Structures are given as structure tokens and as C-alpha cells.
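These notes concern the structure reproduced below.
Think of it as A, B, C and D in the order they're written, each chain with its own count starting at 1.
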Amino acid sequence: MSSRSTRYKPKSGWRRKWFTVIYEADTPGGKLFDIILLILILFSVLTVMLETVSFIKIKYGSTLLMIEWILTGFFTIEYILRLIITTRPGKYALSFMGVIDLLAIIPTYIAFFFAGSSYLLTIRALRLIRVFRILKLTRFIGEAQTLSLAMKNSRYKITVFMVSVTAIVTIIGTVLYMVEGPEHGFNSIPKSIYWAIVTLTTVGYGDISPQTALGQFIASIVMILGYAIIAVPTGIVSVEMNKAQKKNDFKTCPKCHNSYTPIDAHFCPECGTNIEEYEENKESEKA
Amino acid sequence: MSSRSTRYKPKSGWRRKWFTVIYEADTPGGKLFDIILLILILFSVLTVMLETVSFIKIKYGSTLLMIEWILTGFFTIEYILRLIITTRPGKYALSFMGVIDLLAIIPTYIAFFFAGSSYLLTIRALRLIRVFRILKLTRFIGEAQTLSLAMKNSRYKITVFMVSVTAIVTIIGTVLYMVEGPEHGFNSIPKSIYWAIVTLTTVGYGDISPQTALGQFIASIVMILGYAIIAVPTGIVSVEMNKAQKKNDFKTCPKCHNSYTPIDAHFCPECGTNIEEYEENKESEKA
Amino acid sequence: MSSRSTRYKPKSGWRRKWFTVIYEADTPGGKLFDIILLILILFSVLTVMLETVSFIKIKYGSTLLMIEWILTGFFTIEYILRLIITTRPGKYALSFMGVIDLLAIIPTYIAFFFAGSSYLLTIRALRLIRVFRILKLTRFIGEAQTLSLAMKNSRYKITVFMVSVTAIVTIIGTVLYMVEGPEHGFNSIPKSIYWAIVTLTTVGYGDISPQTALGQFIASIVMILGYAIIAVPTGIVSVEMNKAQKKNDFKTCPKCHNSYTPIDAHFCPECGTNIEEYEENKESEKA
Amino acid sequence: MSSRSTRYKPKSGWRRKWFTVIYEADTPGGKLFDIILLILILFSVLTVMLETVSFIKIKYGSTLLMIEWILTGFFTIEYILRLIITTRPGKYALSFMGVIDLLAIIPTYIAFFFAGSSYLLTIRALRLIRVFRILKLTRFIGEAQTLSLAMKNSRYKITVFMVSVTAIVTIIGTVLYMVEGPEHGFNSIPKSIYWAIVTLTTVGYGDISPQTALGQFIASIVMILGYAIIAVPTGIVSVEMNKAQKKNDFKTCPKCHNSYTPIDAHFCPECGTNIEEYEENKESEKA
């Protein structure tokens, strides 16, 4: 993130100086700015939350509203500054973080027209992702990439899984609707499907639950089924993570093709070949 | 699926043309047909669902019924067409998808005699599996095969697991029935077993829950047990998926056709042939 | 099981013939006996269960009682026969299955003195484990051994885990007891610990749940903690199963020490050595 | 633990003798002391728990109080002894176990001033960790280290995961608050976030649950999301445990001390030394 955005760093002047502070976290100034920003974000999310707690609103309502306005003012200025000091404002405005930064200030202004929209300010929570910039950035990005690579690689398996689960849940919901009926809380098929999801995911609120013996028998089968089904996504992700991990740990020896050569080995543990030398020779042979 | 069904493709004429549209998804016409079909299926499942929501039924009941009849008519024509244009109608009628296609139209007709049977139309949800045909088919089938292979290979372990869980649940249910008794909702042993399943699978509706100190103590042990037990199917599936995945780590020996040759092996572990040499010789022989 | 028990097979006579039928499942007679036995066990467990459903008891109470007595009679005869026809009756009587066979008939007789003890007859469910004998025995025993080996190997890790969970649950329970107090259902520390277990295992009955803001905040942390903790036993079992599995799949080449040699390989896939020859030579060298 | 603390063992005298008993578990005396201590700890935790069960308190309140005082007296003496007999009392007082030992006696004394603080005595449960000392120590410490190493290595991935979950939960909570509102139990955003956590972790108390169709639809998506999300920490821990386990698959090169040498390697991947030759030479040099 940091390395990518430096491409848009102004060559000189006050904009360059501010760019270092606002977009980067390597200088003391940049770090301080990011820490203050995070505290303000946390503080503003907390303000929005507390505003919905009735007894707090009655007592401190106007104070909270004032804080919200001041913070929104600050975030608005910050957003405009970000647009000004980069050489490619359009790029920032359309980036993931740019869109979130905008969404994090709009609701306050909309609240003039639609009361209640200010609750959407909790979207500011997403801005907390910036925390990774202050901490050792590269390491976290690496971990996040391992996670998202594992997720990406399993997308076909997960699609197969999700379509199957949707079909299963629809049919279970219908059967329970026919068995239990509206008199036991299974008012309609959509509501029965909601129950089936609540059960299969082992959430189990208990707001709707089968009352008849047959319904409870079917429900038992569904639960044990859910027991087995929950193992599937876990298995998928485990396998993919293992693979993503292994890619970082081993390479293949160019001579004996031993695929369990540690990634940073100079000599193959199987045949003892000096790997760098071998590859240089190979290249010179080609030439 | 696609590749298999092409064997039953008529040699020529209008039936061949229609076969391409209805059974396949490679031509623009075939793709369009499948997309329209999926939308109609989704739409018809939705219609059946909404019919059970009382306030919608009162308002739009007759409209929904009409839509249901039109869609069932369309699906009936589609089913008959499928039978006509393939060279082996019996093969289709008895295939998995063929049976589902039939089950997806019958309930409307049965509803003449048994009111309520039309809810079974949600079985149409299973027809959505056709979605894989439109998307990149082979990839999804590959993933589905990995999943189902993993499931198939773990069937013995899962049988052992299931029989054990059934026995455990029966005994826990009996003990809780004796400890808590009908006055705390544990009316009968079957109901207590239902409670044991609800607890062991961590669903936990709370419609029945132990009230006595002893009952709660036993329940605590059951829950912690369930904690450990839930790890077992997960472990089974993980291991099997890893193995199914690993199938990609093996190749087949070009000489003895041993399919468990490690992907990076120089010598076949079955016949000892030097694989690279053998393949080079083969190629030079061809030339 | 089968192979072990044949050691106690009488040499000849009617006892030998009956031994084949009752203890073994390889002959048609033995298979038939085991299938009939399993059906009777299932039937008797069902009878005991139904006896506790009040409306069934009122209607068919005496019939069910009669069935129970007949079946117990049959099982008693079977138990005595098993003792007579083996050459080592003590060995059987003290074996796992022998104890269960005895426990499965005693409660009916005790019910003369203590009403209600007959519910314990559901212990017969454990006799269903015999089902593995009818199905392809060896394969199931193999799978059961993989499962139990994985369990056995992880016993130290699981002990560490369990002691930690017990300590955590005690402290969480105490804190919630102090925060919520008896007026919100947290009557005593043991009950609060029960709540902590219900929450940490994600069962979540909802019979007791925090009402104060602070209590709900702490509960949220506990739940997210439980989220992470549930991963631990799963991870433990997965790793152990993987190891137990791998032991069955690979051996180490005696020459190049490549540890990924398929278990049934004749030639090492890494160095091409004929493994059997190599080992014979080695042994002859030693001699 | 044991090996480390021996450094602080007095050279001679009665303090050395007592050190062996109190700090160590290798001699019969030391083992006996630890077993008695564990029993007393368990007993005292039980006493504190029972004191909160109202009907027991009424009957045996004064007895329980007396037991608590006697046990606290014993633990106080033990704590002072521990300080006296070690050569570095400060080291012990500030160690993890030392702090817990102190926290386990203070609440009784504080209870003079603040009634109710004595419940905190359940912190004594943490002292049960000493149990590992009596059992085969090293093995358990090894397992605990594998577990905690796996935990430590996954801390970056878990941080990424936790920040994401916090952001997701905040936004879901806000949406549900706006959809359902205070009339369905979603009183405030913090309470809605509490609901989101209860749902995403599949605990599902059911004290708050969505009532509107839209709310139930969103909740269904959240649950299925939670289904997928729960796979992530499991996957993380599995992978890390696998890696921690694999540490057993590596040895250290005798020449360059590279600790990532595969256990069956012939040549060190770092310095290329032929390991067997090197070790033979070393041995012949010694001889």
C-alpha cells in the first residue's frame, strides 16, 4: 500500500511534506498522524454507538452531536487534503480506502434530510484497517495475502458448497413447514428456511423450534448433517492455507528435482548440489 | 456431464439443433436457454415460497397460482422435449437430473387431489445445480469431484463415527431423562435424545434445558465432550481433502502405468524405469 | 476381534458349531445370527424408548412390557450360551463387549426392586457396535484404529487443553457471577460456570444470559475467545490424523533415505534402487 | 520450570531440604507435597463455589467460612516459606506462578473491607497448572510449548482476522439496529453488536433475535458468513500446529548449525557438508 502510493508522491514543495505525513507512516510525523487518526476514528465510532443508548442520549445528547460534527469536520478536511496533495486525486478517490473515507463523512450531511442515517457513520470502523500501516506493515500485508490467497483459491470449491447448501436449506425448510405448520411458528416457507439456516449453522436461537415428534426427528437429522457439513469449509480453507504456506517454505532442486528443498537453501539436502552455481552453469550453457 | 450426454446427440435434423440448445451450453443459443431456464427456476421457487406468506397470499394469491401453472406448463413442455430429442430417452429419464426434472413438475398436478402438495415444488431448487453448466463447467465439476471424492473416501471413518455418536446420544439422553424427568421438559427418552443431539451439535435451542444441578453438571460434560467430538469429522474431511488434493502430486508411469508415481520422481517406484529416458526414447522412436 | 476370539474356539463338537454362529460372522449362519441380533437390539432399544412416551405407554404399556421381557429372556439365553461355548468364559465375561452384554440384561431384573431402572436398558445401544462385524470387518477396524490412534497420540495435548479450559471457565464464571448476580439468573458460581461452558462451547441455550451492559461486553469477549479456542482441538486432531494417515502411505528408501517413498513401491522414486534387492544384499553382507 | 528453578536452590541446610519438597516434585516428599497442595486448592475452590449456593450457605455458611480461613492461612504460610527458602525471592515473587500464588490469598484479607471480594478466590483454579509438575513434566511442557508456539506463530494472522471481524461485527450490528429497531430488542448499537457477535460465533442465545422478514434475511446471510469465517481460525491453527509439529522433521547441521536441515538430509542445505561423513570423521578424531 505504502510502496504503491509513493508513485503518486509530489516531487517537492509543501504537498510533498504533507504527503509524507498523511499518506505514509515511516517518519515520526507520519506515525503520529496515523495514531491520532486511529484514536479519532475509534472515538467517533464510539460516539455514534453511545448516541443510540437512550439514557446516555437524554443526558449527553447535545454534547455527542457536537463531537460528531467536530469529528466529521476534521475528517472532511482530511479527505480534501488527501485529494489535494496526491498527484493523482482520481486514483485515490476511486480506491478502496478512498471510497470508505468518503462514505465515512457523507452520512452526517445526509442526516439533515433523513434522520437516522447518521448511524451509518459506524462504517468508519472499516477505516481502522489503517492500523496495519502503523504496525510492521509488510508482515501484516504478507499474512493478509496468505489469508486472501487461500480464500481466492478455494472460491470454486466454496461456490459448489454454497449452491449445495442453498438447495439443501430450501428443501429442509419446505419439509419442516409441511410437518410443523404455522401453528408451531413455521409461518411460511421463507421463515422455515430461516429456521433451517439457524439450525444447520448450529446458531440455534430457539425463537422457532420444532414441537411435533416428527419435526424433532427430522431436525435431529438436520443437526447431525450440519455437524458433518461444517467440516467441509474448514477442510477447504485448511488445505488451501497449507498449500499457500508450503509455497513459501520449499522450492525444487534444479538437479535432482527434490521438491522439499527449503526455500533459502544453498545446497540441495538430497544430492548436495550447490544450487546457485548449478543454475549459473545452466544459463551459461544455454548462452 | 456435457461430454457424456453428447453420445446421445442425434446425428442430424431439427432434433440435433434443439439438442445443442437444450442439453448443451457451448453455443450462444444453448447458453441463453440455460440462463432463461435458471431465471425461471429461481422465479418459480420464489413464487411457491411467497404463496405461503399469508398477507401476500391474500393479496396476490390468484396471480401467484397463475404464474405457478404457466411455469409448470413450460417445465412440462421442456421435460417432454428433453425426452424427444435425445437418442436414449430412458437413460435421461432415469438419470439424477432427469428424476429431479420430473419431480419438479409432478406436485402441481397432484395438488388437484392433495392440497398442500404444491409446496413440494421447492424441489425445483435442486435444478439450480444446472448453473454449473453455464459457468466454466469443467473446473466446477473438478472441484465437486474433489469434494465428493473426499466424502466418499471418508465414508468408513464417518460410519464408525456416526454409529458411535448414535450410541453415545442414546445413553446421554436416557441418563438426562432419569435425572431431570418429565417435570423439566424431558418428557420421554426420544425427546431427551433430541435434547442430547441439540446439545452435542452445539445448536442449543434452549427449548429444553436441564434445571437441576446434577443435570447441568452432566450437560456441561456433554458440551465439553461435544467440543472434542466436533473436531473428529473436521479432521476426517481435512485429511481426505488433503489426500484428494495430493492426487495432483502423483503422475502415471509411462511404462507400467502405475498411477502413484510421485510427480517429481525420476524412477517409477513400481517398475524402476528411468522416466525421462523412457520418454525421450519414445519421442525419438516416433521421429 | 474375530481373529482374536478364534483362539478360544472349541476344537470340535456342537460347541464348535455354535461358536461359528454366535461369535463369528464369516459363515451364512453366523451372518444371519448377527443380523437377527442387531434387529432385536434395535427393536428392544426402541421398545424402552417408546415406553417413556406417555400416550404410547397408556395404550400399549402391557404389550411393550411383554416384549421387553421376551427380548431380555432371549438376550439372557444368548449371554449364557456365549459363556458356555467359549473355552475361556472368564475372558469373555471381563471383555468390553462381555460387560456390555451383561449390563444390557441386568436392568430388567433389577426393575423388580427399583422401578425406573429399566430405562437403563438403552445401554443396549452400545451392543450395536457389533454391526462392524457384519460389514467388511477389517476395513472398519482399521479406520477405528486410525481414529483411536489419533485420539491416543493427542492425549497429552488434550490434557493440557482441558486443564486450561477448566481454569478459564472457573474464572469467567466467577467474574460473571460478580457482574450479573443472582437477580439475572446467575444464582451461584457453579451455575455461572455452567453458563460459561454453555457459551464457550457455542451451545448457547439462552436459559441464562447476561442482562447488564458490562456482562454482555464480557460475554462478547468470551464468545470471540471461544471462537479461537474451538480451533485448538480441531487442529490437534487434524494433525494427529494426518500423521496416522501418513504412516500408512510412505516408507523411507533404505539407500537414499527419501522419506516420501510410497509404501508399496519396489523402486525408490528418487534414486531408482530396487528396494527389496538392496535390503537382501544388506542382510547377506551382515551375515 | 523445575530445571530453571534449581538455579535458585540453596547450597545446603534446612532451606535446601525444604526447597526440594516445596519447589520440586522428583523426590517422594516433593511429590507428596504437590499432591496435597493440589487437593487443598481443589477443595478451597470448591468451598468458595459452594458458599454462593444459597441453601448451602444458610446451612453450612459458618463452616465454609472457617475452612476458607484455615486454607488461606495454610496458603499464606506456604507463600512465605516459598519466599524464604529460595535464594532469589524477588525472582519468584515477580514470576507468573508467584503473582498467582499471591493473588490466591489476598482476596480473603480484602474481604474485611469489601464484602464479596472473596469470590475472587476462584483465581486459585489457576494454581492447578502445577498439576503438570507431578505428572511426567517434560512431556507436558513439550506439548504445551507446541500449542503455545502454534499460537504465537499465528499471532499476526489472528490480529488481521480479529480486526476484520471487529469491523464486520460493528457494521452488521448497525444495519440490524436500523432494520429491527428498539421495539424488537435491538435497543442500541452496542447491544446490536452484542447480537452480531452472539450470531457470528454460532452461540445463538435467542435473548435477542430478528423479528422482521428483512432482519431475518440479513441474519441468515450473517450466519452463513459465520459458517465460512469460523473455518479461518481453525485453518490458521491447524497450519501452525502442522508446522510446529514439522519442527520434528528438521535437525541441526553439525558443522554450520543450520537448524532447518531436513531430518533425513545427507547434505546440509546451508553449507553443503556431507553430514554422515562429517560425523564419522568427528568420532574417529575423538577416538
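Please note the rule applied: contacts are C-beta pairs under 8 Å (C-beta built on N, C-alpha and C of every residue); 3 or more make two chains touch, one makes a residue touch a chain.
Since this is a predicted model, take the numbers as computed values, not measurements.
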Co-neighbours of chain C and chain B - touch as defined: A, D
B-D against A-D, pair bridged by the larger set of C-beta contacts: A-D
Between chain D and chain A, distance of the C-alpha-averaged centres to the nearest whole Å: 28
Rounded Å distance, chain A centre to chain C centre (Cα mean): 40
Touching two or more other chains - residue numbers and ranges from chain C: 190, 193, 202-206, 230, 234, 236, 238, 242, 256, 258, 260, 270
Touching residues on chain A, where the partner in the complex is chain D: 45, 48-50, 52-54, 116, 119-120, 122-123, 125-126, 128-129, 131-132, 135, 139-140, 143-144, 146-147, 150, 158, 162, 165, 190-191, 193-194, 197-198, 201-207, 230, 233-234, 236-238, 240-242, 245, 260-262, 264-272, 274
Of chain B, residues touching chain C in the complex: 156-157, 159-161, 163-164, 166-167, 170-171, 173-174, 177-178, 182, 187-190, 193, 199, 202-206, 209, 213, 216-217, 219-220, 223-224, 226-228, 230-232, 234-236, 238-239, 242-243, 260-262, 265-272, 274
Residues of chain A defined as touching chain C within the complex: 202-206, 234, 238, 256, 258, 260, 270
